[in-house]
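Labels A, B, C, D, E, F, G, H, I, J, K, L, M and N are assigned to the chains in the order they are written; within every chain, residues are numbered from 1.
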Amino acid sequence: MEGADLIAAISILTAGLTIAIGSIGPALGEARTAAQALDAIARQPDEANTITRTLFVSLAMIESTAIYCFVVSMILLFANPFWGATQQAAGG
Amino acid sequence: MEGADLIAAISILTAGLTIAIGSIGPALGEARTAAQALDAIARQPDEANTITRTLFVSLAMIESTAIYCFVVSMILLFANPFWGATQQAAGG
Amino acid sequence: MEGADLIAAISILTAGLTIAIGSIGPALGEARTAAQALDAIARQPDEANTITRTLFVSLAMIESTAIYCFVVSMILLFANPFWGATQQAAGG
Amino acid sequence: MEGADLIAAISILTAGLTIAIGSIGPALGEARTAAQALDAIARQPDEANTITRTLFVSLAMIESTAIYCFVVSMILLFANPFWGATQQAAGG
Amino acid sequence: MEGADLIAAISILTAGLTIAIGSIGPALGEARTAAQALDAIARQPDEANTITRTLFVSLAMIESTAIYCFVVSMILLFANPFWGATQQAAGG
Amino acid sequence: MEGADLIAAISILTAGLTIAIGSIGPALGEARTAAQALDAIARQPDEANTITRTLFVSLAMIESTAIYCFVVSMILLFANPFWGATQQAAGG
Amino acid sequence: MEGADLIAAISILTAGLTIAIGSIGPALGEARTAAQALDAIARQPDEANTITRTLFVSLAMIESTAIYCFVVSMILLFANPFWGATQQAAGG
Amino acid sequence: MEGADLIAAISILTAGLTIAIGSIGPALGEARTAAQALDAIARQPDEANTITRTLFVSLAMIESTAIYCFVVSMILLFANPFWGATQQAAGG
Amino acid sequence: MEGADLIAAISILTAGLTIAIGSIGPALGEARTAAQALDAIARQPDEANTITRTLFVSLAMIESTAIYCFVVSMILLFANPFWGATQQAAGG
Amino acid sequence: MEGADLIAAISILTAGLTIAIGSIGPALGEARTAAQALDAIARQPDEANTITRTLFVSLAMIESTAIYCFVVSMILLFANPFWGATQQAAGG
Amino acid sequence: MEGADLIAAISILTAGLTIAIGSIGPALGEARTAAQALDAIARQPDEANTITRTLFVSLAMIESTAIYCFVVSMILLFANPFWGATQQAAGG
Amino acid sequence: MEGADLIAAISILTAGLTIAIGSIGPALGEARTAAQALDAIARQPDEANTITRTLFVSLAMIESTAIYCFVVSMILLFANPFWGATQQAAGG
Amino acid sequence: MEGADLIAAISILTAGLTIAIGSIGPALGEARTAAQALDAIARQPDEANTITRTLFVSLAMIESTAIYCFVVSMILLFANPFWGATQQAAGG
Amino acid sequence: MEGADLIAAISILTAGLTIAIGSIGPALGEARTAAQALDAIARQPDEANTITRTLFVSLAMIESTAIYCFVVSMILLFANPFWGATQQAAGG
């Protein structure tokens, strides 16, 4: 069952790296957007509503890339198509 | 079935890295655009409509590169042409 | 039981690297947002409430990417599906 | 059929990396252009039309490099000339 | 008992790297937030209380990512689930 | 036919990397030029014609380096002289 | 006793790298905070007390991440749980 | 014919990397020059002629380094002296 | 006595790298703090005493991380617990 | 004729990398100089002659380093002294 | 005497790298401090004495990290404890 | 004649890399100096003579480091002392 | 005499790298200090004497780290203690 | 004569890399100093003499680190003590 071990090891490594690397961009990006929003509110308190609304739409859009990574990471751990095929082959 | 294992391992690794690396650029890019939009709204509240519209078109365009990566990642996991050929060869 | 050792070793390495790499982005991102909030409060003390509220929502959103990494790290250590399968195979 | 496996593995790896690396430049580039356009609109609302038009032409040009990468990535997965030759040789 | 040695070696390496890499982000992040707080106090001494309170909440949130890393590092050294299983297998 | 497999694998890898790496520079470069053009239009709307004309000439020149890469990438996939020689040798 | 040598070698390497890498962040971070404090004192000498107090709390918090690294480094050298287990096994 | 395969593989890899790496510098360089030219035209519309002329001479000079790379890349693919010698030796 | 040689070699390498890497952060950090202190003195000569006192406390705190590294480096060279155990085992 | 193949492979790789790496510096350098010249012309149109003359001398000097690389690259491909010696030895 | 050769080789490599890497930080750090001191003297010639005194104390403190590295480097070359033990073992 | 091949291969690789890496610094350095000279001429046209003279002396000094690299590169290709010794030994 | 060859090879490599890496920091550092001194002289010609004196003391201090590297490099080439021991052992 | 070949190969590689890496720092450093001198002359033409004199002393000091590298590079090629010993041993 050597091949299955290799697939399991690669899946574990990839699942971790995917979410780890994939969280750098969104975290820094959301921070930049939020920081600018705070700055904008401080300069134009009267526009706080428009700014906050635009901020939340943007954060959701940026968060989406982190969620893509999280989804792939979860698929690799719990719904890995290659692992299923290998297990089936071993049990068949 | 050693070759199939190699293909499965490479597919898993590539699927994860593709979406992980591919999410850095769009996340930072969308953040930059959104931050600038918030700044522009704070400076010209009267132009909020034009700014928001341009922002959403731009975000969609930037998000498209993340979606290319997500599509390739999904193809590698669930519609991998090489895996199909290998399975066929093994079962033939 | 060589394959299980490989999976255990990879799981340990990945669990550590995932949270280590995954903490860089959120830590720097939260710092940037908080620093800007402090700056905004100093410039517009009257808007401290709006600013603080927006800050906490943003921090929660950024922290979420760190939590994704922590969750994957914990899953790898304590609820690793591949380890379970390997142990089952060895004990079966 | 060892050589075919190698070609398949390399094709998968390259297809993923090509679109992953190739999306960083366009994503950051489009973001920069869009951010500047938003800034320009905020400063010169009367020129919004000229600015938007120039923005879209530029975005299309920048997106073209992402599309080159996507095209190569798709060719490698679904119209790979070397894979065809290898399959032909194996089946001949 | 070769497998156990490998797991022990990987655990030691990972425990050290996790806290070492994981301390870079929080240290720089906390420094940035604190530096901005000092700047804000110098500009608005009257708001020192609000600023200090926001600073401490932010520092706690940033420190949390360092603590995640420390927790994982300690788990790997003193409550390593894979080591337990290996020792049990060796002693069984 | 081992040598042909090596050449095919290297050609695939190189074709992908060439266009992937080669798209970073032009994408960022075109973005910089376009961003500056938008800024220039906002500052001197009367010179929009001269600016746009100079912009398009410059974009074409920068795009040319991306096209060099795309051409080499296509040659490697569809008109590879070494592949032809190898196939001829194998068929001769 | 080959396994014990491997564990000893890894422990030595990790102990050194942990404190070496772990000292970069805190050193730069403390420097940034202290530099800003000196700047703040020069601008608002009357607030020197508040500034110094906030500075010391912040330095302590940043130093804490360096101390985590030092603690892990010392544990690896003088209270290494894996080394103890290995020595026990060798002596048992 | 193992040596010829090695030469072919290295030639392919080098041809791709040469133009890929070699396009980064000129693309960014031309962008910088063009961006500055656009800025100069916006500031001094009366000097547009002198600026455009100097711009084109500079772009040509910068493009020359990209062309060196393209020439070497083409030589490696279609007029490779070592490949010729190897083929001759094999056919002799 | 092969294992002891490995431990000695790793100890030497780690001792050197620890102090080498560990001196980068403190050196740059102390420089930043001292540079800011000199700037502060030039701007507020009357506060030279407060500034110098805060500078020295900060330098001591930053130097502490360099000293951690030096201590670990000296322990590895002259009080290495693993070397002692190995020598004892060899001499026992 | 194994040694000759190695020399040919290394010559090809080096020829490509030399001009590829060697074109980055001059391309960016010429761009910087030309950008500054355009800026200087815009600020002092009356000195356009002196500026253009100094620009061309500087460009020539910077281009010289690219030409060194091109010369070495051509020597490696078409006048390689080691290849000559190897061929002579083989034919002798 | 193979082990002694390994220890000698590692000692030589480490001695060189320690002082080479360890000189980067102090050199840049001292330069920054000295540059700021020169700037401060130019702005406040009357405080030249205080500035110079603070400069020399700071330079001494920064130089100390370079000296740690030099000391470790010299110990490795001329008072290496592991080399002594190895020579003793060989001569015993 | 295996050793001579190794020396030839290393000489070729080193000759190329030396001039390639060695051209980055001078190219960027000369560009910086020339750009500043152009800026200085634009600001002080009356000092054009002094500026141009200082510029040429500086360019010559910076070019000298590129020439060191070119000289070493040429020595390695055409007056390599180790190659001579190897050839002599082979012919002796 | 295999061990001696290894020691010689490592000594040569280390001697070169030590001075090469070790010259980067001092060269950039001295340049920064000197550049600031020139700036200070231009702003305060009356303080040229104090500035020049402080400059020379600082340059000497920064140069000292380059000299440490040069000394270690020379020791490795001409007074290498390990080489002496190896030669003695070979000749004994 | 295998050992001598290794020493020759390492000497060639090190000689090239030493001058290549060692020319980056001085080239950039001299450029920075010279650029600042040109700026200073433009701002204070009356101090051109003092500035030029300080510039030349500084350039000489920075060039010294490049010369250290050139000297080591020449020693490795033409007065290599280890090569001499090896040749003597071979001829003895």
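Remarks
The criterion applied here is as follows: a residue touches a chain if its C-beta (ideal position, glycine included) is under 8 Å from a C-beta of that chain, and two chains touch if they have at least 3 such contacts.
Going by UniProt, the chains are A, B, C, D, E, F, G, H, I, J, K, L, M, N = ATP synthase subunit c.
Keep in mind that this is a model prediction, so the values were computed, not measured.
A straight line joining the Cα centres of subunit K (ATP synthase subunit c) and subunit N (ATP synthase subunit c) is 21 Å long. One finds 47 Å separating the Cα centroids of subunit F (ATP synthase subunit c) and subunit K (ATP synthase subunit c). In whole angstrom, the spacing between the mean C-alpha positions of subunit C (ATP synthase subunit c) and subunit M (ATP synthase subunit c) is 43.
Looking at subunit N (ATP synthase subunit c), one finds that residues 2, 4, 11, 13, 15, 17, 19-21, 24-26, 28, 30-32, 35-37, 39, 41, 43, 55, 66, 69, 73 touch two or more other chains.
Shown here, the protein chains touch around one cycle, each chain meeting exactly two partners.
Circular chain order, beginning with subunit L (ATP synthase subunit c) and continuing to subunit N (ATP synthase subunit c), reads L, N, M, K, I, G, E, C, A, B, D, F, H, J (contacts as defined at the top). Interface residues of subunit N (ATP synthase subunit c), counted against subunit L (ATP synthase subunit c) in their complex, comprise 1-2, 4-5, 8-9, 11-13, 15-17, 19-21, 23-28, 30-32, 34-39, 41-43, 45, 48, 52, 55, 59, 63, 66, 69-70, 73, 77-78, 83, 87. Only residues 2-4, 6-7, 10-11, 13-15, 17-22, 24-26, 28-33, 35-37, 39-41, 43-44, 46-47, 50-51, 54-55, 58, 61-62, 64-66, 68-69, 72-73, 75-76, 80-82, 85-86, 89 of subunit M (ATP synthase subunit c) touch subunit K (ATP synthase subunit c) when the two sit together in their complex.
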